[in-house]
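This report refers to the structure that appears directly beneath it.
We call the chains A, B and C, going by the order they appear; numbering starts again at 1 in every chain.
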């Protein structure tokens, strides 16, 4: 399987990454190289596909349902690039209207 | 020396390292160092790491200094909380010395992919210190600090430790809390330790290790036992995996390993050859799993709530795309795209599904070897000594192949470490020990024994 | 051409926990924006999720109440997409291995009688934040208080055959979840949300038609209206020979119409993979038993028991079980000795805050024993909310029923004297005027006269001369 420009554009859109038109050709070539390299795995037929083997504990620990103060040195107003009246602010949804 | 005196001395050495053009640090200040000293002095009694300065890789969050992950997208970012490992260092009386330079978001094997410039190898500025934790490795190797924290996802502490001639220890996955380590490959990431001696690395590891209720992937295991003294390996069986000694292995690296194995025999170890047959799958497997997890982990960087934001002309989508397109460097963008690609509809089974299966096989190789009576594995850490800057940046895959010997233990979640075993044409050679899960104490003891009889700075041939 | 409508509902309920799903922030409603936040639910670099034990418990309870098979091991997965209310750029949900599968909920369909609606799955996930589009001109405001609140997603099979059945299903689902103490299921507060999937096909066909999805319905009534509008629209398209397109729709309550959302994207590629930050969720058999024993008697069982143990009719029993506190109150009143039928009548016909069970039982007893007329009791009832005993109130208001012959005779005489015309007409044969005259005795006695006794005495006196 080789990676085409259309693939790169599709994936860049999914990842919300702007790719300058001038970079598209080189990026496609690099992606093709990388994906070609890792694709050697899919050629190995004797591997059976299955669920990921979890690293770490066998079962997840659970938290007690109590409210714990956040213990932050500073909060949203200091973190945010734009913060008005208690809200984080971004531009209008526009093209992203409905998820 | 008092904590304040240590702090002042560290400041002087960091300034010197800067003047020498190492570019290993991203954030430090005299004021911050003195604040750390005051904190130590306020402790009721000295802890196990009393007044020790520890450099922190800049993908571990600290409240006292910014955290950039070597990226423009987090330029100037001040975390409102400290990583668990930083809290534990503080509780033990240690001082945060500085934040160190790294490949952006820990993605790289040379620290050439930082938005803030590459780190120079302390012994040869035309060479790389390795990566992604190159800044931490270089700083310890240069003598500016005695120990540092780094992180491993696919060998990012062992590999630069090998290149720089210092000790680098990766614990069992789940041994050390990841709370506060900016996530790259969540099922692989391990906070790890650099030091000049095995003993120092062990001390730091014992302080930072242990379950954390804020990290659901930490293991409830008994603490790592303190390092036993006594330089002997009698009764220990060391396995040597043949796949790590290809015919075309660098002759200096091979000579270093041969010498180390000879020393181990003299210490009483039994050396056996073993096979880890799926080793060659490790790098492609890693470069599917890590980017896939990374693509999701880096989706939070969008300029909406923190970090830098591209000047936005347009809607929210325009903001995201411009911020991420400009804020991430080329290697990070490539990995996000690869990760998104391998998870996307129609490709999941072919790539991610197969990679998970391959990962189980790779882990299975180690289990089988250890089950057959091997206590530890020994192998070279890296296929070569430190390469030249710019040598591998043209082809991403050639950079990935630098991880060939360190990837497998990361995929298997096993504890592994590199220690300097000699020099080849003046450049450090590293040897690697890999242990079964949770057997850090055994691994560190063997490393200490070897360290005590090796001439780590002598030419190997 | 007869068409069959096929509907499935996807319901999200907020689980009634104190803290969020993956962090210790408050799950409270209505707090100032961005005050219930922390590194985890803000999606700050370095933060990690740890699941809430009570959220799991409540989700398991819900699953058991819906007759589902609870999986001993289930897995959290990342659902990846970008949206300003989603801090991490992915939602932690469950995908291939959900908490529970294969349940069912019985509903009463006006058309088909009892229907067992299949529940395909119930899984746990985290809620997103809230966006406000009009708060700041030209921009989007983000409040992350809601981000990370625990949700259970409940997906029905395509088993509903009319908008009315869909509404009945949602009503029954809400009732059972409120009973089980899982959620307050308030559509107004956003703790109950529903999306509907609807398609039509020719009657008799087994294959499913193309379905559309209607999102963001904000009331039970609008659910039914929206599904009705969309059913009609699809039928019309198909009758014209057109094809139904698979789109997502929004309902406008103002116009009663559905319209496609502006996004033209085809189905999303969520790139699900198991969340490496969370080991598998294990529900052991002993925990499962414990949670099962925590389940209260559920609505259908309670209704049946009220009918058989208390002799109530289906309608009355149904009203009493509509909310568990009402049913509990009914039984408490009966335990205090009240006659069940009377208790049911009082409870069903009165609204607002109920008095202490003992007080209502006493009131009912006073009426049954003839000490109070029903009218008088209705006047006393509101006073009982202040905690006073019925007899005390009756005495204070002078409402104790009077049976005393002398008193009754006095009022009867007064009425006869005051209404000569009616009296004459009665004696002339208009016997129904007895009721009017009895009513006059009740008036003069300010409701305290024993109505039966008054009527008997009136009849005797009117017979007399």
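We take it that contacts are C-beta pairs under 8 Å (C-beta built on N, C-alpha and C of every residue); 3 or more make two chains touch, one makes a residue touch a chain.
Please read all numbers here as calculations on a predicted model, not as lab measurements.
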Reference chain A; chain at largest CA-centroid distance:
C
Could you tell me which pair, A-B or A-C, is linked by more C-beta pairs in contact?
A-B
Let me have the rounded angstrom distance from the C-alpha centre of chain B over to the C-alpha centre of chain C, please.
56
Taking each chain's centre as the mean position of its Cα atoms, how many Å separate chain A from chain C?
40
Computed distance of Cα centres, chain B from chain A, in Å
23
Could you tell me which residues belong to chain B and also touch two or more other chains?
80-81, 187, 213, 216-217, 295, 299, 302, 304-306, 316-317, 320, 340, 344
Residues of chain A engaged with two or more neighbouring chains:
14, 16, 51-52, 54-57, 60-61, 63, 71-72, 75-76, 79, 88, 90-93, 95-96
Where does chain C touch two or more other chains at once, residue-wise?
39, 42, 44, 50-51, 82, 84, 140, 142, 144, 269, 271, 273, 276, 278-279
Residue numbers on chain B that touch chain C, as the complex places them
60-61, 67, 69, 74, 77, 79-81, 83, 178-183, 185-187, 213-217, 292-293, 295-296, 298-302, 304-306, 316-317, 320, 340, 343-345, 348, 352
In their shared complex, chain B is touched by residues of chain A numbered 1, 3, 7-8, 10-12, 14-20, 27, 30-31, 33-35, 37-42, 44, 47-57, 60-61, 63, 71-76, 78-82, 88, 90-96
Seen from chain C, its contact residues with chain A in the complex are 17-19, 23-26, 32-35, 37-39, 42, 44, 50-56, 73, 75-76, 81-84, 96-97, 131-133, 135-136, 138-144, 215, 248, 250, 261-263, 268-269, 271, 273-274, 276, 278-282
In the complex, the residues of chain A that touch chain C are 14, 16, 51-52, 54-68, 70-72, 75-76, 79, 84-93, 95-99
The answer for chain C against chain B in the complex is residues 39, 42-51, 78, 80, 82, 84, 87-90, 140, 142, 144, 269, 271, 273, 275-279
